[in-house]
Each structure stands twice: as C-alpha cells, then as structure tokens.
Amino acid sequence: MADPALETRDLCKSFGALEVSRGISISLLPGEIHAVIGPNGAGKSTLIQQICGVTAPDSGSVFLRGRDVTHLPVESRARAGLARTFQVSALALDDTVLENAVVGAIGSSGKAFRFFAPALGDRELRETAFSALERVGLAEKANMRASDLSHGERRQLEVAIALTLSPKAFVMDEPMAGLGAEGSRIMTGFLDGLRREAPILLVEHDMDAVFALADRISVLVYGSIIASGTVEEIRNDSTVREAYLGETA
Amino acid sequence: MSLVLIAEQVLNGLQFGIMLFLMAAGLTLIFGVMGLINLAHGSLYMVGAFCAAAVAGATGSFLLALVAALAGAALAGAIVEMVVIRRLYERDHLDQVLATFALILIFSEGTRWIFGSFPLYLDVPSYLSGPVTLPGGIAYPVYRLALIVAGLLVALGLYLLISRTRIGIQIRAGENDREMIAALGVDIGRLYTIVFALGAALAGLAGALVGAIQSVQVGMGEPVLILAFVVIVIGGIGSIRGALIGALLVGLTNTLGGIFLPELMKLFMEPSAATSIGASLASMAIYILMAAVLILRPTGLFGARA
Amino acid sequence: MTRESILNAVILALLVLVPAWAVLADEPFTITLATRAVILALAAVGLNIALGLGGLVSLGHAVFFGLGGYAMGILAYHVQAYEPMFEWPFLFEGSKSMPAIWLTAILVSALAALVLGLLSLRTSGVYFIMITLAFGQMFYFFSISWSAYGGEDGLSIYVRNGFPGLNTLDPIQFYGLCLAILVIALVLASRLRLSRFGLALNAARQSPKRAEAVGLQPFRLRLTAFVLSGAITGLAGALFADLNRFVSPAMFSWQMSGEIMILVILGGVGRLYGPVAGAIVYVLLEHVLGGLSEFWHIYLGLLLLAVVLFVRGGIVGALSGRRAAHG
Amino acid sequence: MLKSLAAAASMLAILSGTAMAEPVKVGMITTLSGGGASLGVDTRDGFMLAVKQAGNEDLEVVIEDDQRKPDIAVQLADKMVQSDKVDVLTGIVWSNLAMAVVPSVTAQGKFYLSTNAAPSALAGKGCTPNYFSVSYQNDNLHEAAGAYAKDAGFKNSFILAPNYPAGKDSLAGFKRFYEGELAGEIYTKLGQTDYAAELAQIRASGADSIFFFLPGGMGISFLKQYADSGIDLPVVGPAFSFDQNILQAVGDAALGVKNTSQWNKDIDNETNKAFVESFQAEYDRLPSLYAAQGFDTANLLLSAMAKADVSDADAFRAALEEADFKSVRDKFKFGPNHHPIQDIYVREVVKEGDVYTNRIIGTALADRADAYAEECKM
C-alpha cells in the first residue's frame, strides 16, 4: 500500500464539555477521493480546521506525506502542499481572476517580501497562475474581476488558487454548496479529473456527488468515525443507515 | 504614607472607575449589538453635562438636572442614530470612524455656538456636599460616595435589564446573531435606536454626575472617551462585565499610579525630579496596563471574539 | 488613459503650476499653503499604505508624524543650543542637515511602528482602532511632560535646516524639495501596490483566511506594511516640523491622527492619489472656511459626513467614476 | 465727532505727507474656536474695543483663529507676514504657540506685542528687540502668590501645578518669594479633571495653605472638588483660575480665595473705569484679565503710531519703549527686556449681586520686573 498523502492519527478536540473530535484517524491515499460525510454538528468543520492548522488539536497528530505537521501554522502547511478550498468563497472579489491566482503563486513561492518589481510582470508567477487557470478552464477570463464571475466559476477559481500550490493533497469544504443541479454535475466531472493532480479529502453534503466521486467514505457522527469503507460498504452499513442516512433518505 | 490615605485613594480610584464604567458600558453595548465604533460617545457625555447645567441653572434642582441629562443625551443619541448612525451599520469601521469623528466636530462647535465659549456652572446639590467621616476616620466627600453608589446601581440595573427583560433578551440575541433577531420578528431598526439611546443616556448621566465636580465645557468628552476605549480594550469588547472590571482596573491604576509612582521614584532620585518623572510615568501607566493585557489576552479579559 | 489617471495628472500639474504662479505673482503664502498640503499628503500616503492596502485602520499615526517631528526638533535643537546630544561613545552635536534628519526620522518611526505593530496587530478591527488611539495618547502625554525638550511648549528651531545645494529658506526651493519627496513616495507606493508584497497584502486584507491557506503570513505582511507606513508618515513629520520651524506635542495628538485619516478618506481610500487630493482639498477648506466663520468646524464636520455617507471612494472616486477603491 | 476728527487728521496727513499717514497693519492670531476660545475672544474684544474707540483709520487689523494649534499659528503668522504684509503681530494666548511664532516673526523684522503669553525663554536669553510683553512675565503672578504667602505667614504650603513647562515655571516662581516649608509638591497630568487623589494627599499632608496653578477647566474642577472635600485651608493662586470668564462656572467654591493679578476691574483710575464701562456696554459682560491686556496692547500700539512710522523700526521701537499710553493699570512701564514693571495685586473672590468677581485687597509685589531681565542682552 502506498504511503498516505495525508493522515490524521487519533485527533481529539473539545470545547469545554463538548467533545467535537474523539480520536479521529483518517487517511488519504494518492489518487483517491476520500469523502467525509456526517450530519450537521458532527465535527466536520473542526476536523478540517485541525487538518489545516487553524485549530490546534488537544491531542493526536496530522501527517502530510509522512511528515508530522501537527505543530506547523496554516501557512507552512500550505507551502508544504496542503491545499484548501473554502465553504464560503474567500476570494479577493475586487481583484481580477489572474491576480487571485497570482496571489496563490506568490504564497507557494514563499517570496512575498519583494516590494518593487510588479508581480504580474514576473514570468514565473504568471506561468504558475495561468497554468492553474487553464486547468480549471478560466484562462480566458483571467482579466475579469472575481466579483463578475458566476458562482460555479468562483468555485473553479478557488480550485485554481489551490492548484498554484502544486498540492500534495486537497482538502475541500463543500465544493457543491449552492451550485444547483447543473453546476454540481459540472463540478463533479471536474473533481473527478482533479484526483489525478492530487488526492482529495472531500467534505460534502451532496450525496449524489459523494457517491459518484468517492473511492472511500468515512462517516463522522458526534466527533467519531462510526464507519469507513467503499461506497457499497457504506451504503449497506446498518449503523450508518441508522445514525445518518436513515434521517436524510 | 498612612493606611487611611491609601484607603481613601482606593475609594477615589473606585469612584473614577465607576464613572468610566458608565461611559464604557454604552460604548461596549453599542459595539456588541450593532458592531459600531462610536467616537462621538464623548460628545454625548458633553451633551449630558450641558443639559444638566442648563436645567440646574434654570430650576435649581439637581435631580431635574440629572433627568434632563438622561433625556437630553438619549434624545440626541436617538436623533443621531436615526439620521446618521443607521447608515453606517453596514459600512466598515473606517467609515464609522470618520463619520463619528465628523459628529464630534459638529457637536463640539454646535455646543459652543449655542452655549458660548465659556464653561458652564453646575454644582453638587447642598444635601450631597461636604465630607462625611467613614469608619477608620476617613473624611470623604458625600458626593463621591453617592457617585460610587449611583454607578453601582446603574451597573445592577443594566445587569437586570439585560438578563431579565424582553429588550435584554433581544440585545443578547443581537450580540450573538444578528440574523437571528430578524428571524425572531424583532424590529431591528427600533432595537438599534433604543440601544444607541440607552448608551447615550448612560454617557449623558456620567457627564452630568461628573460635571458637578468638574468643569462643564466644550471638549470635556474626548479625554474620557479615550480612557473608555482603554477600558473596553482591557475588558473585552461587547462585554458589560468586562467593562466594569476594566473600568475599575483603569480607575485604580490611574489614581494609585499618580500617587505611588512619584513616591517610588523618590527612593531613587532627588524629590523634584522624582515628582516630575513619576508624574510622567503615571500618565502612561494605564496604557502600559493595556499593553500588558493585550500581550496576555489579545481580546481583552472577557472578550469573546476578536 | 482612464479618468483616474487623467485626474492624477491634473493633480500633479496643479502641484507644479500653482506654486509656479505664486512665485510670479509674488504670493509666497500660497507656496506655504502648497507646501503644507504636499507634506500632509506625504503623511497620508504613508497612512494609505496601512489603511488602503493593508486595511489597518490606524488612529495612531500621529505617533509617527510626531516622532519624525521630534527627530528634527531634537537633532536641530542640540546644534542650535550648542549642547552636544551625547559625548559617549563619540561626540555627537546633533544635526542641521535635512538628509541626516530624514534618515533619523524614518528609522525612529519605523522602529516605533515595529514595536507598536507587534503589540497592536495581535488584534484586529475595532480593537486595533482603539489601541492605536490609546498608544497615540501615551506618546502625547509623555511628550508633554518630557521637559528636556520643551514639554508642551515644544521646540522652536529658528533657522530651517539645510539641504546640500539648496537654499531651504526660500519657500519655493523648500516646496520643490517636499514635492520631489512626495513624487518619489508616490512612485514607490504605486510600485508597491503592484509588487508581490502589494498583491499579497491586498489579499490578506480582503481575505486573511485565504492568504494563510496559500502560504502567506498575514501578520508579517501587515506588520511590514505598518512599518513602511509609519516610516513615510515619520518622514512627513520631519518635513512638517521644518516647514513650521517648530515641533510640539500637538503633532502627537489624536486629533492629528484623525486629520491624517480624514485626508485619506476625503481623497479616496486605497487610491494612489487619494491622499494628495484629500490634502489639497483639506488645506483649502481650512483656509477658506476658517476665514468665513469661527464655527467652521461645523461645516467641516457636515462636509465630512456628506463625503462618508454619499460619496464613497472619496474625491478621486467620485471624479474618476470608478467604483472599487482598491487595486 | 472724535471719528470725524481722526478722519480729517488722516486726510490732512495724506495731503501733507507727514509721519502720521503711515498706515499700520496688525495681525492678530488668537484662539477663537475649540476649548480655549473664551480667552481669545476676550483678547480680541478688548483689543478691538480700544481700536474702535481710537477711530484711527490708519490702523488695520487682520484677525485669525489659531485653534490653539501651534502649527496653525505658525501657518497664520506666515500668511500674515507673507501675504497680508502686516507690520505688527499680537494676540497669542498660549506660551507654546508664542514660542512657535515669536522667534520667527521677530527674526523677519516684524514687531510682536504679547497680549498674554510671556514665556521665560523670551524674557531672558531669548529676548529680542522687536518683542514686547504688555501683560507680564509668565512667572510674575506666581511670584506674587509666593510673596503673598510669605506676608500672610504661611509656614507649610502644599503646591501643585500640571506637569508641563508652564507648570514647572509656576512652582519655581512661587518658591522664589515664598520662605516657608513645603508640605508637598505635586505635578498633575495636563488636562486632568479629577483631583480626588491630590486632595487626599493635601488632607494627609498637614499643610497650612495651598498654592495651585491649574489654568482653564482644570482649575474649575479643582476648586469645586476642593470645596466639596471639607478641607478648609487658605488657598492662593494666580489670576487665571479666578478670571471673570470662568468664575461663574466655579461658583461658590471660589468665594474668598486669594489670587494674584496685575489688573482688576476695581483699580481706581479713569482709564480703567471707562474701559470696564464701555466693555460692558459693548459686549454685555464684565471684562476679563485677557480683555484688559488686549485693550492695553492696542493702546500701546496706538501711542507708538502717533510718535513714529512703523517703517522706521528703530524709531517705532523707541516709541513703544516709552509706553506713553494710559493703561488700565495704575503703573506701567517697560523694563530693559521689554517686559512690564508694574504692581501685582492680591485679589479676593467675592459675589456682587449674582455675579462672582474679584476685589483687590492689597499689593503683593510693587514695581515688579522679572527674574530674567539680567540674562537679556540687547
């Protein structure tokens, strides 16, 4: 078995009396899409925050390509190749599509403290940014303002920015949210191809998308992974049906 | 330095802190509920003092003067909220800062235009004037004791208002989740006006109470405003409890620092240099306190959010 | 050429032509006013880096303005009074040379910005506004009570400091010097906003989460912006002190911070020439309204209110017709 | 009648080209807006009253508001010198503003007549020929308070002032003539409004008297809180906290307090009586010290104009030095450093009808010059 691109070991986190992560161990293998599903309040957001470094776990560790990154800040994990997209689009809406992508390239280059030469005139940055935009199909709209993009296009731009990091693993927080049926279909096709770039840890509510995309699914309920397996295994798992699918079906 | 003197100074620090609390409570409430930073809060303090002085001058009644201060400041607050402030809730802090800075200019010069450049007269009522002897032989002005009591009563009233009444529930809801109060069917516009007027009334009351032992003049509000900011930063924005603790801390630091730092300096240097340098240090003491709190707790002692 | 760049050209042309006219018409006071506008504009250009680009609403920039002023005042005072500033480790008598004074002003205010930034950038939003305001007061009170350099009386420097090859006592030559510095600062600021740092800072302002998620460090970016911003405002302070041949704690006052901020917002936050337009208009208003009524602050207040409520993007925004204020 | 005479005189002067035809332009920079405006307003009103009464059409006055900001004051001075081309400047209330303006305008050959601020730096080493203080030297009233404390037999005074240069000069001035012990010496924060802590210290100190210098709102606050503290000691201070424009705001708390001033409305001479009456008639309020100083300054200027051309700086300066005008003070002459030599009185705050005011109860220092005159080389 290949080494996991991303792995958590026994993550525990509580806010006061509320235990939001109870020993979560989860792995993401190269080339796969691993979906994490669960009802609202199950602790999915907190899990993502611990993986990305926004919140520190009380105990347990996070490994990126076998390296312990538990004590690294967000930006160091990002530079190490952990690419995240946001649930609520966090783009710089006043800026152009290209500028948004270039910022990603600046971040991954680790050389933000250059004060004089225009960033858009830097060949390397432009190439990184354009290639990312091309891969998501936004190259033609490079000079549009991000605020003028459609909802789906903004999601694509999110991914493009993540791509500028030459990611080793993606962490995606509900990329289908607010897209509508047609948009979800396009995004599903897009993510399907993206797994070749880097494996994706996908947190998603849209079950059609999850079942269409995921190689493995983990079910998170009250801070614990109650089941983990292939799509078929999860569909047939009685505990899952009881705890989760039963409610939504 | 005798124990009596120290006890008296602690009382002075408390009294100063309580008055700061009245200012800071309104500011922090307004920020907590509406997310607005209001530089013109000091102007409402001034409005309260001027209303009180005008009414006391006309009627001779201190109680009526206090009522006038509350009403005048609340009214000024409500008007300002409806005409200007409510256009600012959706704006960023920068616009709020500039607009309320503009309000300071208008209030200050407007007051001077109406009342003239000369300070107004407002005095302690005869039944509260003079000193009283406390246990331990401390001779302490009755009026300052009354200020402490009045301030504590207001703090208690504020606590009851927020924890027990319908408006209080709405205020707490507003602090936690602005969308939710709309969903609860609360008239947000009205709630905001009420909260702003309440904050203004507290500031106006502080202005009137303090105006009786200080000078009622244009520009009296801004130094207090900045101290109230320090209080809020220390206590944590949005927290009434934080405002109370912060205000008392600032009051005590300011008062005791002014006394003891020069004395402390005298241990190291000759007296006249010591008083001067000690006084300089004392004037910076509360800011150093603020910096220390920030290093330990960037969101203040009781601040929930950044 | 966009309307904004035409407007910028007009502003620059005004800054050259009006003083030129003043020399011909023998109106030296117009030059003084123009110098004041240019120096205040420089201070605001500094603030605009923190405010417009970094989103840091600093109500304490008077700290840097004042430090720049006192850098000039103290260095020149020691020469004027024939009292060496220090004798150990080497004899230093102070300085009456503008380049040395400017360098000191820049270094001192950058250092102060670093320390204050380290403390206050731990917070954001309203906390940041209040904290910068409070630290400003701290400097103000300290300067008032520090009697070695005049305390509240301030320091008078009888003769304007010198610049190699120029007669700085000649109003138009001093003006030219200030204008040159402003232009250099504008060029640097325009390069800065397009640089890697500028784009990164801009992203950190609009979306700090995003900036972190792509490997940027918002805190460091902001701190750097704050230091650069403070350094430029500090330089402006040194020039301002030289214009007045005087420095006092008033330069540290919170009203001063408010005024610098007004210049930026009046002109247009985040616009390259916003601070310049703001400073020109403010100095004109001060001069014209001040002559009309002793209650002119009321009119100034109403005008500011109108700008905030109805003219978003400030003067440059309104005249250039472009909505977004950044980029 | 008087006015038409003056007009006729100036017509004549123009025709005959005599010295009197030389017009003089005065620039008045004073505080007319913001916190300290009442002092500037009185200065201006006193000055302009004298100008109006003189009806001299050769005298033109430009008035500007300095907002109590030094940089604005400097800018206005530049404007007046460069653009209005004034010959004489006057009007500044505050020492720090005067220090910002006076050295540079006198260096440019203009005259400066101070209506109030007279910092020690301009009286001693930094004195200049074109600078005249018509009011006093800043230390004078504090010195007089010290002299009064000595005469009154105070042995253990508690003294306090704000922690800024004028405050330090004040305590130094007091100590120059005071001979007793000090029960305490405190520097308060400038702009401080709560004096509870200081009052507690005073109470605990065993002092037999208090001297304080707390100008403006600070003094109002201090006196009200003092009255309420139950401490009952003799209080003495310079006139600033007991002046006509703030006494009404202090009220009863000030009654009986001794303060020192070189002027009061009951100084018994014709000029002063006429001044007080006409000021009240014109502005419907009692004149303050600042109004009196403004009035004297204008009359000094007018007296010099009658004797010399302003364009002949040496002659004009000599004319100013003579101080040949009718002062509202009993005695007025300039010392060698262009600061007054005059009597300084002790006043007591009293109530006349509904109005709080002062009356003179004695002379603290007679023919007082100042402590810095010897250092002045000119």
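Which chain is which? They are A, B, C and D, in the order written, and residues in each are numbered from 1.
The rule we apply is simple: a contact is a pair of C-beta atoms (placed from the backbone, for glycine too) under 8 Å apart; a residue touches a chain by one contact, two chains touch by 3 or more.
Note that the coordinates shown come from a computational prediction; the quantities given were computed from them, not determined experimentally.
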Steps needed, at minimum, to go from subunit A to subunit D via contacts: 2
Contact-richer chain pair [C-D vs B-C]: B-C
Taking each chain's C-alpha mean as its centre, the one farthest from subunit D: A
Where subunit B and subunit D are represented by their mean Cα positions, the distance between them in whole Å: 36
Whole-Å gap separating subunit B and subunit C, where each centre is the average of the chain's CA atoms: 31
Geometric centre distance via CA averages, subunit B-subunit A, whole Å: 47
Residues of subunit B whose C-beta touches two or more other chains: 108-109, 112, 276, 279-280, 283
Subunit A: positions in contact with at least two other chains: none
Where subunit D touches two or more other chains, by residue: 33-34, 37, 163, 168, 187, 189
Each pair of chains that touches, named by its two labels: A-C, B-C, B-D, C-D
Residue numbers on subunit D that touch subunit C, as the complex places them: 32-34, 37, 64-65, 69-72, 74-75, 78-79, 82-83, 95-96, 99-100, 103-104, 107, 119, 121, 163-166, 168, 187, 189-190
Complex interface listing, subunit C residues touching subunit B: 51, 57, 59, 119-120, 122-127, 129-131, 133-135, 137-138, 141-142, 144-147, 254, 258, 261-262, 265, 269, 295-298, 300-305, 307-309
Residue ranges of subunit B touching subunit C (in the complex, touch as defined): 31, 37, 84, 87-88, 91, 93-95, 97-99, 101-106, 108-110, 112-113, 222, 226, 229-230, 232-233, 237, 276, 279-280, 283-284, 287-288, 290-291, 294-295, 298-300, 303, 306
Touch list for subunit D against partner subunit B, complex: 33-35, 37-38, 41, 163, 168, 185-189, 191, 193-194, 196-197, 200-201, 203-204, 216-218, 220-221, 224-225, 227-230, 245-246, 248-253
Residues on subunit A engaged by subunit C in the complex (per definition of touch): 52, 54, 73-76, 78-79, 83-84, 86, 90-95, 99-100, 102-104, 106-120, 122, 125, 145, 161, 164-165
